[in-house]
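Chain lettering (A, B, C and D) follows the sequence in which the chains are written, and residue indices restart at 1 in each chain.
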């Protein structure tokens, strides 16, 4: 409580406010930007089957012939009322997004949940032996994983665990009306593929930070006073690494919500990433705009949290001491 | 119905036909996976755009007529008789048809359906309104209507069968899970867009109840994932699987790769823009057709699952003209190009991956055009911009494909699109004749005439016809092809 | 006392790497750098060395390795070896340029903001907040938008650079935040060193490890953004870009695994090399870190 | 643990080398249980390296090329077995500021050092440990982070951590350098008590007086070799080696030199420089013309630096409540105060690194911006600072040459290479470092060497005022004498004004003209040094008295009037 009343609280309030302002800017950028994308939602949907007159007619019916700013104002108004509009498929966007955002967030959340311990453990393990075979192995392994595209990894996992061993379902066919969380067996491989790809970045950054901390006089001193290695990692290395790691985790996590397209495809997982790409490809502007706004808001929130984390995790900043 | 599994060159490893001789037994659940459209899937029969939408809605709703082997067959309607001037027709409906909620199917439902499907509020207003005046239908009695047309139509049944014209209940505008009521063999039990539909058998189906208790459709966009679902036992049938999968083969004694037969192939083509240089010159169009290496394209893009095309669309449709494909003749092609003074002419070949193989075939086509002295280059764009009318008009060649639609449909579409249309008087006349013709013989002559023009100086380069492959458990039986093999009819399917 | 208690290596605590590297001897180091140089040369000269052009289709599709085509052919019948050779140069240049630009820009923004500290909100407002907004746009959309406005390589490089900048800036900021309070930075501020010098000499060497790790990893990200751009049909990449080769080879992977493996391995090799090189470059700076 | 009580810790022919040559050469040493051994020697003689070797640790760049170190008969080089450090041998490092974990509260640091404890005992343990080293044992203090402590507080926390597990032997590397005399007395008392309890000690110190009172045996290190070894009393009174004689001489000479007359005014002639031979040098004439800054020193009347009403805050706590001070050209003002009173904060306010919340700082009458960023080049050059913590003050990646060249380039505008090299050489020489050190990185320097580099860096720009925050704390008596002589010479020759923050009562007494005592964030007393610290008495006791006097008790001393105008 004292924290919130103090400098941290002020900082947080300010950040949330700027976050809101940024979101407003983002909404304009997104709306106008998406509108400028090549392609036309009507022709994209009608395909070659429609005559130009019909296209024009439909454009008018969809209000696409109005100036972009007018449409922006209408859209924003709707958004504020909680109505992100209607997809070009005729469905309300809110209905299309309802579950999918949650499903993707579930995937990303689980992934981050595993990412934190995995990347910390691997990063610290490598950092404790810089330049040694163990370090090389971890680093090279992580790099190999990140170099192999996620859909290749995902396909490999399917071949191994589903087709080969028959341990897990190959496709996440979640029955209608069920939430994915009730089918953990269908989550294993999507989460694992994302984890394998996403962890490389965190591992490498954590390793780099930890190496420099471990080489410093503080760790030397702790070791000289006979503090156990595990305690050193916990009390001196991890706290020093966390401010950077938290950035990476949060940004990676939010990135997974919209960015796990290919993994969602391979497993036919009903997430928002696939929807985003389908909508982009099909020129379904209202859907694209809504998803981008949601992802944008989530990212901005994550960034605020990351900023806050840096302050909270760095005593010098948290206590509002001199710079 | 349409057998013939022997002559699939690529499927030497014994691709079976979709329609197996086995008949399904009563009961059980059939699980099928098709490509879906994610969250935009819908139970509205006029909103769906993806295979799973089509396949699903085909068994929930019925059409007035269906296509079988390219010919219309009565379904909810028994008869469509054109008036003398061809400017209207009388539609007679089947009696004793019940909706899933038990009410009776009547002419009012048809009138509403016509209005609903052609309403400009629909995301995809029906193309039928290019031919019929759908808003001005008059209901004569409970089972009879009169439908005015906008041009003389001699064979309205074919048109009604060719375009998705599902019948919905009078007044229906909401197609949520509870309100998706049709007359088809299955009713909706559960639906989640982009994921799954569960259908249960409708016992009072007018065509006789289906064998299977339950049909489960899953949407899986990735072809490999569809294959995997069947392979690992999560599904019994996967529609539209890639050639490469078939080529690699799938082990498992209870699995088989099936083709839809050689009358149900997709024609792959490049449509040349005959309204601008250089393809406004029939010589250059012919040169392009001589330049294209059909065998190579079939081998590369279709991996041999298909055969070279004769540049005409809709092989397998009624009245299709079985001309022999042109032989590749680069010398002659170069000569023609030179003669037309089109050497070094710029050719932009526009493509997007609308279907697998579009971009690859375009790349090969461009190289082949270069060999005859045209300065060709591909223009690969995103799906969203592919059909932009202005851009299409700027392109010299557009990659395109079609299943064996009835000829009026395909040529009607092409005529409606400036950059696809062939500005040729003889062709135009023959096409008009064919549309208005009231007897089979007249139509046959007219279509032969029109296709002769196409074969001589046409603007379509249908380089190959491709098999439609699916993966099924061997005991899956009763799968039918109606209008398009990619969207098979599962109303009579089940497990043997 | 835990059994894993520190057993200080001869080289001293924490920086065994220093002695580790030196113990492998200069010969191993030369061999390593020689190998890197050869690889680089191979990539840069690849298009010249390739037996076939990037669009040539010398064989049937999915042909297994044979005399003329040691790696076989891909789905279009193109020679896999030639394609891999053609794809390296554009990809490497695009990737390195894009990541370089993104990192320099991001790191400068992050370091500047950290340096300004709590005293001045201006850099935060002018640098970090716009980058936050940028971070909020999904990379795929960013690529699409920028390539629409600026088609071609330049657009691609810009898009990838911009997509990487925000996180780069954040990593730099978070790392620098731990360092800027040190007395030697204060001493430098007190003697009025220029911002450039403060960033480049006082702070950068102490956070170089994290920045290099960040940049190194984002190189692979760049490879796949290039691929994604090709996949979405917005162009900017060439046919032979490794990322695109991979995306296109996946469907036929069971028919011709080499068409997939070759570019994947190429990307992996470059990624591992780039990153390990970054590590050893950053190594000296860590050796004496306090 | 009653086994072999004769030798607990031994070094035999220990030889450690760097690339440049040996740091320790054939060092033999043994320590019996409960014995207190002092290691003295000039800065850079290898004391810290020896201490670390006794813990089984070698810094980067140092190789073990001969001999062995054993604890209870077991080799600990090159690898110290588990269970030696911490519980058998405790360690207090030379550089507490750099050693404390910035992410851990004091409490956590102490508990970590103490090892596993039942939950209920933790609070009492923390309190007990803090109180043993003279720090407040309350929870609020225990919850602080290292950056919220003053240098002396940090050092005591480190000591407390070393005591946490009651080790059999303590290795102490300059454990009292940052402590004020009362605190130091307290710590020494605590160490004495430990010794009574039979805890052995290896104690590295520059403070020969403390050594004399404390150690059983003394080893004099010189250039990595043992110059002599013997009972403390003997070595400190009658050293046999040259190195020993030098140290002892420097350590005792200072008292004899306390014979100068307090200057009547800042400009009334050079103060009796400690060792400056030519006292007749003109005050301001010696500045070379190229020193753009500082060359005009003395052109105006009044103090060169004056602060009035300085208020400084750390977060919400106010550390300085309106401090006034003034330093005149050539004058040396010593600032005394208990640890944590705000001396470093005051120094940082004056240099603009910690902008004061209120009050002004004026240079020759011109007000300076509170933030150093707002000051111009001349003003920056005019105020030099030697920060309290030399390890942090040097960039770990920059060699000594760069550290010295930067201010030369930046503040003096020198760009000529040869000139720079010359100046670097001169600067190193002036702080008694060999020119070869220019290429070294801070990590390759001893504590005292780092401190001298930091001093050289501060002098590089030829400031008018030099603020030394404990600039001699890590130096042996000889080096300290050299540095003080240098300052005196500069004061005399260039009119440099010095603000000397120190805990060393002797330094304050011998080197300063005037004293300023800080207490409770205010100036508690000020006056000429000879008056406040009259010769004769032990300076430590006098300072202790000054510092511990109740606030206000010292204030109305008549000495204030001595310097009337320049004061409050």
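Note that in this section a contact is a pair of C-beta atoms (placed from the backbone, for glycine too) under 8 Å apart; a residue touches a chain by one contact, two chains touch by 3 or more.
Composition by chain, UniProt nomenclature: A, C = ABC transporter permease subunit; D = ATP-binding cassette domain-containing protein.
Bear in mind the structure is a predicted one, so any value in this text is a computation, not a measurement.
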Using the stated contact rule, I'd like to know whether A-D or C-D comes out ahead in C-beta pair count.
C-D
Where the CA atoms of chain A average out and where those of chain D average out, how many Å apart are those spots?
51
List the centre-to-centre spacing of chain C and chain D in whole Å, with centres computed as mean CA coordinates.
46
Centroid from C-alpha atoms only, then distance chain B to chain D, rounded to Å. What do you get?
89
Centre-of-Cα separation between chain C and chain B, whole angstrom:
46
Going by the contact rule already set, what residues in chain A reach two or more other chains?
37-38, 155, 217, 220, 223, 226, 240, 280-281, 316
Where in chain D do residues touch at least two different other chains?
57, 59, 83, 86-87, 98, 147, 391
Among the residues of chain B, which are close enough to touch at least two other chains?
224, 381-383
Pull out all the chain pairs that touch, please.
A-B, A-C, A-D, B-C, C-D
Residues of chain D touching chain A in their complex?
52, 55, 57, 59, 83-87, 89-91, 93, 95, 98-104, 108, 112-113, 145, 147-148, 158, 161-162, 165, 314-316, 348, 354, 391
Hey, which residues of chain C end up touching chain B in the complex?
55, 57, 60-62, 75-77, 144, 232-235, 239, 251-252, 254-255
Once bound in the complex, which stretches of chain A touch chain B?
37-41, 43-52, 54-55, 57-58, 61, 87-91, 95-97, 99-100, 155, 158, 162-163, 166, 169-171, 173-177, 265-268, 270, 274-275, 278, 280-284, 287
Once bound in the complex, which stretches of chain D touch chain C?
56-64, 78-83, 86-87, 98, 147, 351-353, 371-373, 375, 377, 380-381, 385, 387, 389, 391-398, 406-407, 410-411, 441-443, 457, 461
Which part of chain B faces chain A closely enough to touch in the complex?
33, 37-40, 42, 44, 47, 49, 120-125, 127, 130, 190-198, 218-222, 224-226, 228-229, 231-232, 234-235, 354, 381-389, 392, 400, 413, 416-418, 420
